[in-house]
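In what comes next, chain A is part of two complexes: it sits with chain B in the first one and with chain C in the second one.
Now for the complex of A and B:
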């Protein structure tokens, strides 16, 4: 029996910020009517957090709910619990028009941390990352240089980034360049 | 640089995050219509200098379509609104009238 391996096997880099591929993270896409009581129940029971409002991420350790679009949330859970969580969600959603898919192994997850984390990401994404504009608890789907990505903040100096597994090396290289020594801008 | 607020997710989205979808509020002429109407539906587009209505998709964000009203000459954005309408809402028309009195765009104005 082979063990699941994350895209870059916990590669790490330290420059003006710490960058690390975080290893395996369970991720389940849930699409449906987010106002439906049944969908809300399935999502919140699976993640153990409240339903996120538009543009929010509710994270509690390895669990969480991220608002992806008006009809989609991303359910986070430990990688080993994905199958069990999906089974439980499908039971709640029986008869409801909704979609539950395991996307854990289609994604890669990075953490960028340090006092200059905002700067590292600002160089790559067309997003206002000033401390008053982007705060922990918010969720943003956007692009990093040429590829789609999504991120939220774990605390005021730590970003968690999700991208497609196929571009994991590209995103890691981007972050390394963006965080190379001597590249501080000092804008925030 | 064009920045549009996506009405679906509320994000101020940079042009590079969006996919352009061409002219808005086209009336479809399908099977059974006259050749002239069908040709016009397929090929004829306005190319105004000034007020224009367009479709955009928040491709790198929430993935949803929406409408935008803007000025092609100054890049001023008058507003964005839902994709699920067949004509610009009154609120958007009022905003344009305030900035460009006497504007016309196809049958609207």
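Now for the complex of A and C:
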């Protein structure tokens, strides 16, 4: 069995913030009626966290739930546990109109950390990232320059970014440019 | 001459020298200098030539409004033309060159135009070069282009980096003068998040220069108050202050672009050169100040004639005297300040010429007390001089210019009053009104730019709103700050504007022409637009010729169309136009103010998007392997796909031929990962797909595949692909590479807007899988060698799919073929895609495995007569045109596009239809060539009866093959038709069946 490989194989860069591809992360798209008790049970049991409200990410280590849209949550789990988790979710959801699908390999995941992490992301995403406006526990689906992306904060100085696997190199290069030496902004 | 003074110079650091060059000559300056002040300190008044007449041009202003002092700056990757010397901070080693002169600034051949000026009036080019018509393109335009233009275009790649920055503010204050600072303070006190932007490197705006000796703000001198207020704002956690950051444009929904110049003053520091701020603000305060207007008198463009406020700036800020003897011309009290400053600096002011019969107020008395002679009711008849002012002739303002007196001097300081900088107010629709008493257009607070809620979101403060003296400025700014803070959600505060000293100035008297009855000889020497060479006489001529609208007159004369966008010339020009039309100024109105306020760099607009991140490139999991194996790339959407894999010494064409042959005879591998893969699931999924595809999908058995067509509502073919039924409720729809995101959005749109009650969910899983097409007679052998699932025809027949294992990999295998060969398309997880590909290459070596690219794929599908979205379709083609009637269900009541296809034009038997084309001589038809028929159309052109949609050399058949759309094509099999090429040859081709190879499908179905 060949070992699965993430898009950039954990590439890293240090500028005014630390950038790293964090390897494969299990991700399962769950679409359904988010008010349905069965859907909630399938999601929360899989992730071991509460349901996120709009714009929220409930993260616990490698597990978590991210609010994606009024009828979609993203379930996070370790990459090796995806098949097991999907099977468990489908069992709970039997008879319910819902879609559970593995999207782990369709994505790349980055971590941007350091005191200037907010600045690095503010160069690329049209999101208010001031500390009073964006805090750990929040989640945004947005864009980084020219591609779609989503992110949440692990702590007050660390972002976790998800983008499509095919643009992993582009996003890594974007983050490198945005974290280049001498580009501190000094607003947050 | 102009020189460095021993006193004054609050912004320069005399202890440190800086060296720079102008036209190759070394000069000296100090940190804090602008390039303009440093040039003046080196007695370099002449800095360029005008656009049309190549007249000598000197520095006129001290800020963003400067029309003349434009230079080529830097060299190589840092070369940039049209840089304003007045806003360029000096640094060690700066290198500047004058523009629009040849061979040198002092001796310029083009200046002969100035003697031809009477033959080059407004509209000259339009009138002169219209006949004979063909001459414009071949003679006139090349010549005019040669002689026009200011700076040179850069030749090298930009050596700097740039970036954007997104931020949000409750209150954005643009302008860091006393008004901006006071407005920011008032807004910040309400608790609002406040941003303050200042375009220069210093806070305080004009106040430190223009404050009178007796002026006090809250008991302090202006400069002290500025320093104290900045310190106070810096200490507030809810306030952000940015210097060298210009508010460039205001747009809908409180969106503002600001242009920060980070490294222009320190080019060797690391980091980006410019940053474009993209700001969302709830409220915007435009505290952008006012710009002094020139006076219109003959010779006002001669170097040495400057704005009075600029003369003050150079003395006070930079310790530079523009001249030894300066004559002042004015229609308001402010210019007296200049006289007083010059006198204090020990310079001579031989005369103040005040156009007002009564003269000025307290300042005039102060000037007189210093011994300066003031002539009231007088005007400048003419300034004499060539590359520098030598004297002025004085006349009565009321007369026609009869000379009463002559004064030798080397500088003239003029003030025609002030125009509020209303640009940012106006960008998004703020209205203006004409204030007769102050002779200026001011923002009309009753008609601000409005947001989505119908409420105004821009307020002007201070001089920008028309408040000219300190007390009014501060009261106005304080009120604006409070209101904006409150409107943005802050807490109302009962704070007050600081106390200021009252002034006793005499009112301005509008003077649009000096003297008011200036004779034509004077008017043809009286400049309005210094950079574009527009004179009073030109605007009058435009009015006379019927260009009555200010927008028309502007374009006809080019008034205000230079790089300064008429900051000095617009109001004077439209006053002259109003006078010529015999109507009041407000009736003429202004031209439109458009962003950016001053030109911003292309680099800043592009931001980070250059080099490797210019555009996203999408890569499959196998991309790196292709790269390492010499792939010749083809862009497909944002993907890069291998076009072919040429070997060492092999041409791309030869590689394509080899890849086709090898795939047909042995084994080819194609990276098909880019194909779109959409999961459609739910009890209504079948019903949904029946609506999306022209054929029936709900009847597809689980485990089987079916080719389908998708149309737009108008019936045009938009995408195609193979659908696999995964289980009773779940389908996997393959789309074209470029269609994945578009078709996903199409599905979501129908589900969200029309069929929101259907139980269907869609997910785009395109990138979850790497997909490899294993194609050719040896395809089964390699899979059987790898082992795992049963891939024999009995277990996995053509158009079936199965899950299982191939070698070490979990795989989903589809028995589908786009080449006509035995073919398996195998999807594995993207994270194992590369390993799977490598396993296939290794195991396939003994069976002749070779990768093939998109061109081999294209040829093989064309040999089989398979259509390609984007080749055979172009948004105007329906499936029936392509002979795909078999894929259109007759049983279904409806599908998207059905009604469109029933319209008369779509059922017209004369529509061009798909056929195969075989050249008579075996050559390859040119791509896109049109077939011609008998006779001419209504335009006298040859009638066209068809066109080529795909054309290739087929290595399988050893000849050119093509597909095309031809009128009545399927009824004309065997006919030979003509395709005239753009190379002069006429290609002849026989109409044949589009399936060239293995029509029975024997090869794919084994």
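As a working rule, the second predicted complex is superposed on the first by the 188 of 188 C-alpha atoms of A that agree within 3 Å, B and C clash if a C-alpha of one lies under 4 Å from a C-alpha of the other, contacts with A are read in each partner's own complex, and residues count from 1 in each chain.
Criterion: contacts are C-beta pairs under 8 Å (C-beta built on N, C-alpha and C of every residue); 3 or more make two chains touch, one makes a residue touch a chain.
Because the structure is a prediction, the values reported are computed rather than measured.
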{"item": "Broader residue contact with chain A after superposition on the shared chain, chain B or chain C", "value": "C"}
{"item": "Partner chain(s) touched by A:6 [first = chain B, second = chain C, both, neither]", "value": "second"}
{"item": "First (chain B), second (chain C), both or neither touched by A:115", "value": "neither"}
{"item": "Chain B versus chain C as contact partner of A:99, first or second or both or neither", "value": "second"}
{"item": "Chain B versus chain C as contact partner of A:61, first or second or both or neither", "value": "neither"}
{"item": "Touching partner for A:140 - first (chain B), second (chain C), both, neither", "value": "first"}
{"item": "First, second, both or neither for A:126, with chain B first and chain C second", "value": "both"}
{"item": "Doubly contacted chain A residues - partners chain C and chain B", "value": "126, 128"}
{"item": "List of chain A residues in touch with chain C within their complex", "value": "1-7, 24, 29, 31-32, 71, 97-99, 101-107, 119, 122-130, 132-133, 145-147, 164-170, 173-174, 177-178, 180-185, 187"}
{"item": "Touching residues on chain A, where the partner in the complex is chain B", "value": "54-55, 68-70, 126, 128, 140-143, 148"}
{"item": "Chain A partner contacts - residues on chain C that touch it in the complex", "value": "161, 163-168, 193, 240, 269-272, 275, 278, 280, 607-609, 612-613, 615-621, 638-639, 679, 681-683, 759, 761, 763, 765-769, 808-809, 829-832, 834-836, 839"}
{"item": "Interfacial residue positions of chain B with respect to chain A in the complex", "value": "8-14, 16-17, 60-64"}
